[in-house]
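There are two complexes below, and they share subunit A, which is joined by subunit B in the first and by subunit C in the second.
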Partner chain A sequence: MLAYLVAVAIVFGIYALLTISLDLHYGFTGLINFGHVGFFSIGAYASAILTLHGLPYVVGFAAAAALAALSAWPLGLLALRLREDYLAIVTLAFAEIVRIVITAEEWLTGGVQGLSGIPRPFAGLGIGGAAEIAYLGLVAAVLLAAVLLINRLVRSPFGRLIQAIRDDEVAVTALGKNPAGAKVRVFAIGAAIAGIAGALYAHYMNYLVPDQFVPLVTFYVWMAMILGGTGRIGGALLGTAVLISILEGSRVLRDIFPGVLQVEMASLRLALVGLLIVLFVLYRPDGLLGGKTKP
Partner chain B sequence: MSLVIDRVGKWLGGVCVLDNVSMRVPDGGLIGLIGPNGAGKSTLFAVVSGFEAPESGTVQFADRPLTGLAPQARARFGLMRTFQVPRPFGKLTVVENMMAAAPSRKGETVWAAFFGGAAARREQDEIRAHAEEVITFLGLGAVRDNRASDLSGGQLKLLELGRVLMASPKMILLDEPFAGVNPVLQEDISERIRDLNARGIGFLIVEHNLAALSRLVGRLYALDRGRILAEGTPAEVLAEPAVRAAYTGDAP
Partner chain C sequence: MGLTYYLGLAINGVIEGLIIGLAALALNLVFAVARFPNAATGDLMTMGAYAGIAVQQAGSRNLLLQGLAAVAAAMALSVAMYLFAFRALRGRTMLSPLLASIGLALLARSLLSLFVGHEQYVFRMPIVRPWMLAGVPIQANDLWLACIAIVCVAVTFAVLFLTPIGRQMRAVADDLTLARASGIRADRVLLALWLLVGFICGVAGMVLGVRTVVMPEMGWNILLPAFAAAVLGGVGSPVGAVVAALVLGVAQELSTPFLGFTYKIALSFAVLIAILAVRPAGLFGHVERVR
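Coming up: the complex of A and B.
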C-alpha cells in the first residue's frame, strides 16, 4: 500500500509541475498552449538520452530544461506575433511534430521501440521502498522549487505585466509596453519547467516510448488546471490532485461495474473526467478555488 | 508638443473612411472632435495612435513624423490614447491597473523578479506613490482595491484616464469620455480634464455629448464621412448648416 501511495505521489508531483507551468502560460499570461506535452517529451528524451550515454543526472536535467525552453523560443517568436488562437494551433502541431520526430529518429530515440534501461537517481538504495521514497523526495523538492519560483515571478512587477497582457493586450500596447517580449519569456520559462517534469518522468519510468506523449497528456493537464481554477498556483495543485484521484480512483470502478472490460475502462474513465468538466463549467467555471458563480 | 495631422487618407474594404483629413492640436490645446456615427473619428484615432496605417498623409507629433512607428513607440513619446469601450485589466485591482501602466525601466523583467534588489523596490515604491496620487486625483480611492472588472462604466472611464496619466503623457486622445457616464460624474471628468490641461497636457476629445463637450473645449472639428466639415469655436461649428445636416441626415 505504501509503495502504491508513493508511486501515486510521484505521478502527482510530475503532473503538478506540468499544471503549474501551463498555468503560468495560460492562467497568468493568457497564452493558449495546446502542446505542453511537446516540452514534456523533449525534456524526457533529452535527459534519458544523455544519462544513457553516461552523463550525470545534473546534466540531463539541465539539458531537459534548456532544450524545452529553446524549443519554445522560436515557437513563441513565430506565434506570439499572430493572434492568440494561432498559438493554440501552432503549439498543438508542434507537440505532434515532436512526437513524430521522436518516432522517426530511431538512431537517437529508439523509435517506436523506445528507450529502456534509463537510470534512476537513488536506485542504489535498493528495492525495499527507500529508493522510491528518495525519488519522491526529489520530485517534491523540484515541485516546491518550481512553486516558489512561479509564485515569486507572478507577484513581481513582471508578473503584474503578464497578467495585464492576459487581461488586455491592446491596452498594454497603448500604454507603450511591448507584450511580445514578456510573452516569449514566459513561454520559455513554462516550457523549461515542463521539460524538467519530463526528465523526472523519464528517470522514474525507466523506459520511454512515443505513445506516452500523445495530446491526451496536454488535455489532462488542461483539465487539472481548469478544475482547480486558472491563475492560481494553489488551484493548479488542487486540480492536479483531483485529476490524479479520478484517474487512480477509477481503478476501483471495475468493482462497481464488474461487466466492463479492461479496455472499456479507459473510455469510462475519460467519460467521467469529461462529465466532471461539464459540471464544473456549469457550476464552478472559475474552478475549485474560484468564486462560486450562478449557473 | 503639437499634433499635426496632414492630409491623412484611409480606406477600409473599398470605402474611403478618411479623406484628406488635416487637423492640428497645439501644444497644451484642448480640442474636440465631433461627427455622426461612422464619420471616421475612431479610425482617425487608430491612425494617430498607430493601430492603423494610413494610405496617405502624415501624422507628426512634436515635429517628429510618426509614420511607421508602432503604438508602443508613439505612447512612449507621450502621445497616449484611451478607448471608446474601456479596456481594463479586469482581474487586477485599480491600484494594480495604475501600477501596471507606469513605465518601468528596471522592475518589469524576469531578472528583477528575483535579483532586482533595492533599486527595483525603490522604483516600485515610487510607482505605487504615483498611483495613489492619481487615484486620489480621480476620486477612485473608495474602489482602489476592487477588481477592475467590478467597476461601473464611469469608473472605468476614470481608470482608463488614470492609467494614461501614470505614463506622464504630453497629449491624450480621449475616445468618448462621457459615454455611459452619469451627468454628475461627467462634470467631474470635465473638471479633471480642465485641471490636467491647465498643467500643460494637450487633449483631443471625441465625444457625442455635444453639450458637455462644448462647455469643455475651446475649439471643435466636425468630421463626416471622412471629411472635415467645419472647424472653429463650438458655437461656430454647431451653427454650421453642413454640420447640422450631417447630424440630422438632411442634405445641406
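Coming up: the complex of A and C.
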C-alpha cells in the first residue's frame, strides 16, 4: 500500500510540474500553448539518451531543461507575431513534429521500440521501499523549487509585467514596456520546467516510447489547470490532484468491478476528462478555487 | 520510378487533398462565422463514418443509404454540440469554445470506442479492375470519391454564395455587430452554420472511411493537416482552404519517395509553421489583429 502511494505521489509531482509550467505560460502570461507535451518529451529523451551513454544525472537534467528551453525559443518568437488561435495550432503542430521526429530517428531514440533500461537515481538503495521514497524526495524537491521559483517570478516586477501583458498587451506597450522579450523568456522558462518534468518521468519509468507523448497529455494538463483555476499555483496543484485521482481512480474502480475491461476503463477515463473540460468551461471557467461566474 | 509513378502519386494526392479540403472547409466556416478553431471537426467525421458502418452492419450494402446515415449522424451531432456547448459560449474569448471543442472531441471519441470498441471496420466495396490512363492506374472508386467530394464543395459554395442564409452567414463572418444591426438573426445563422458543418463532415467522414479504414482515431488524425490547410488558405476563406488542401495533399504524396512515410505527415505541419513565420496571417488571409 505504501509503495502504491509513493508511486502515485511521484506521478502527481511530475504532472504538477507540467501544470504549473503551463500555468506560467497561459495562466500568468496568456500564451495559449497546446504543445506542452513537446517540451516534456524533449526533456525525457534528452536526459534518457545522455544517461544511457553513461553521463551523470546532473548533465541529463541540465540538458533536459536547456534543450526544452531552446526548442521553445523559436516558438516564443513566433508567438510575438501570431494571433492567439494560430499560436494554439502552431504549438499543437510543434508537439506532433517532435513526436514524429522521435518516431522516425531510430538511431537516436529507438523509434517505436523506444528506449529501455534508463537508469534511475538512488536505484542502489534496493528495489522497493527506500529507493522509491528517495526518488519521491527528489521529485518533491524539484516541485518545491519550481513552485518557489514561479511564486517569486510572478511577484517580481517581471511577474507584474507578464500579468499585465495577459490582461492588456496594448496598454503595456503604450506604457513603454516591451512585451516581446518577456513573452519569449516566459516561454523558455516554462518549457525548461516541463523538460525537467520529462527527465524525472524518463528516469522513473525506465523506458520511453513515442506513444507516451501524444497530444492527450497536453489536454490532461490543460484540464488540470482549468479545473483548479488559471493563474493560481494552488489551483494548478489542486487540479493536478483531481487529474491524478481520475487517472488512478479508474484503476481502483477496476479492482472493485473486475468484469470491466481495461480498454473500456481507458475510454471511460477519457470520457470523464472530456466531460469535465466541457462542464468547467461552461459553468466554472474560473475553476474550483475561483468565484462562481454568472453563466 | 518514371513519370507514371509520380503521376500516380499526384492523383493519390489529389484525393487525399480533397478529403483534407473538406475538413479544412468545415474548419474555416466555423473559424469565419463562430470565430474559433473547432477541434471536434475530425470527430464529427468519425461519427459520420461509424453511422455508415452501422447501416452496413444492419445489412444494407447500399452506399447511398450508408452515406445518408453518415451525413444525418454528423449533422445531428454538430447541431447538438452547438446547442449544448457552443451557443452558451458566444461572447467569451476564443479559448473557451476551443477548449470546449477539445473536450467534446474527447468525449465523442471515448464514448464511441466504449460502445463499439477499438477494432477497425471497412466498407465492403466491390473490387473493380483499375482503368489504365496513359499507363497510370486509376481506381474507379477513387474517381467516385473525388466526384462526391467535389460535389460536396460545390454544394457548400452554392449555399454560401447563392442562398439568402449563405449571404447572412458571410455577413456575420464579416462583422457580427453590423449584421445584427441589419436585422440578421444570429441564432438562425449559427444553426444553419452547424448544419452545414455537419453535412460537410458527414460526407468527408464517409469518403475517408470508404478510402481507408474506420476507427475511432481516424478523424483526429486528419485534424492537424486540415488546420494546416485552413491556415495556409487563410482563415475564414473557404476557397483558400480547399485550394491549400489540394496543394498540401499533392505535396505530401509527392514527397513520400524522398521523405518516407513517417516524415510525410510532418511535412504539412512544417509547412504550416514555415508559412506562419513568414506571413502571420496565412497565405491568402488578410491581416487582422496581428500582434
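Keep this in mind: the second predicted complex is superposed on the first by the 279 of 295 C-alpha atoms of A that agree within 3 Å, B and C clash if a C-alpha of one lies under 4 Å from a C-alpha of the other, contacts with A are read in each partner's own complex, and residues count from 1 in each chain.
Everything that follows uses one rule, which is that contacts are C-beta pairs under 8 Å (C-beta built on N, C-alpha and C of every residue); 3 or more make two chains touch, one makes a residue touch a chain.
Computed from a predicted model, the values in this text were never measured in an experiment.
Contacts of A:Ala145 after superposition: neither subunit B nor subunit C is touched. Once the two complexes are laid over each other on the shared chain, residue contacts for A:Val263 go to subunit C alone; subunit B is not touched. With both structures placed on the common chain, the touch criterion links A:Val101 to subunit C but leaves subunit B unconnected.
Contact with subunit B, but none with subunit C, is seen for A:Leu153 once the two complexes are overlaid on the shared chain.
Applying the stated contact rule after C-alpha superposition, one finds that A:Leu275 touches subunit C and leaves subunit B untouched. Of the two partner chains placed around the shared chain by superposition, subunit C is the only one that A:Leu80 touches, whereas subunit B remains out of contact. The wider contact with subunit A, measured as residues touched, comes from C rather than the other of subunit B and subunit C.
Looking at the shared chain after the overlay, A:Ala88 reaches subunit C, while subunit B stays out of its contact range. Judged by the touch definition given at the top, the superposed model places A:Leu5 against neither subunit B nor subunit C.
When the two complexes are laid over each other on chain A, subunit A has no residue in contact with both subunit B and subunit C. On subunit C, the positions that touch subunit A within their shared complex are 31, 36-37, 85, 88-89, 92, 94-96, 98-100, 102-111, 113-114, 117-118, 224, 227-228, 231, 235, 260, 262-263, 265-266, 269-270, 272-273, 276-277, 280-282, 288-291.
Taken together, the subunit A residues at the contact with subunit B in this complex read 152-153, 156-161, 163-164, 166-168, 170-178, 182, 185, 189, 231. Interface of subunit B with subunit A (complex): residues 49, 51, 70-73, 75-76, 80-81, 83, 87-92, 96-97, 99-101, 103-104, 107-110, 112-114, 116, 120, 124, 148, 163-164, 166-167. Against subunit C, in their complex, subunit A makes its touches with residues 32, 78, 80-86, 88-90, 92-94, 96-97, 100-101, 103-104, 169, 216, 219, 222, 226, 263-264, 267-271, 273-278, 281-282, 285, 295.
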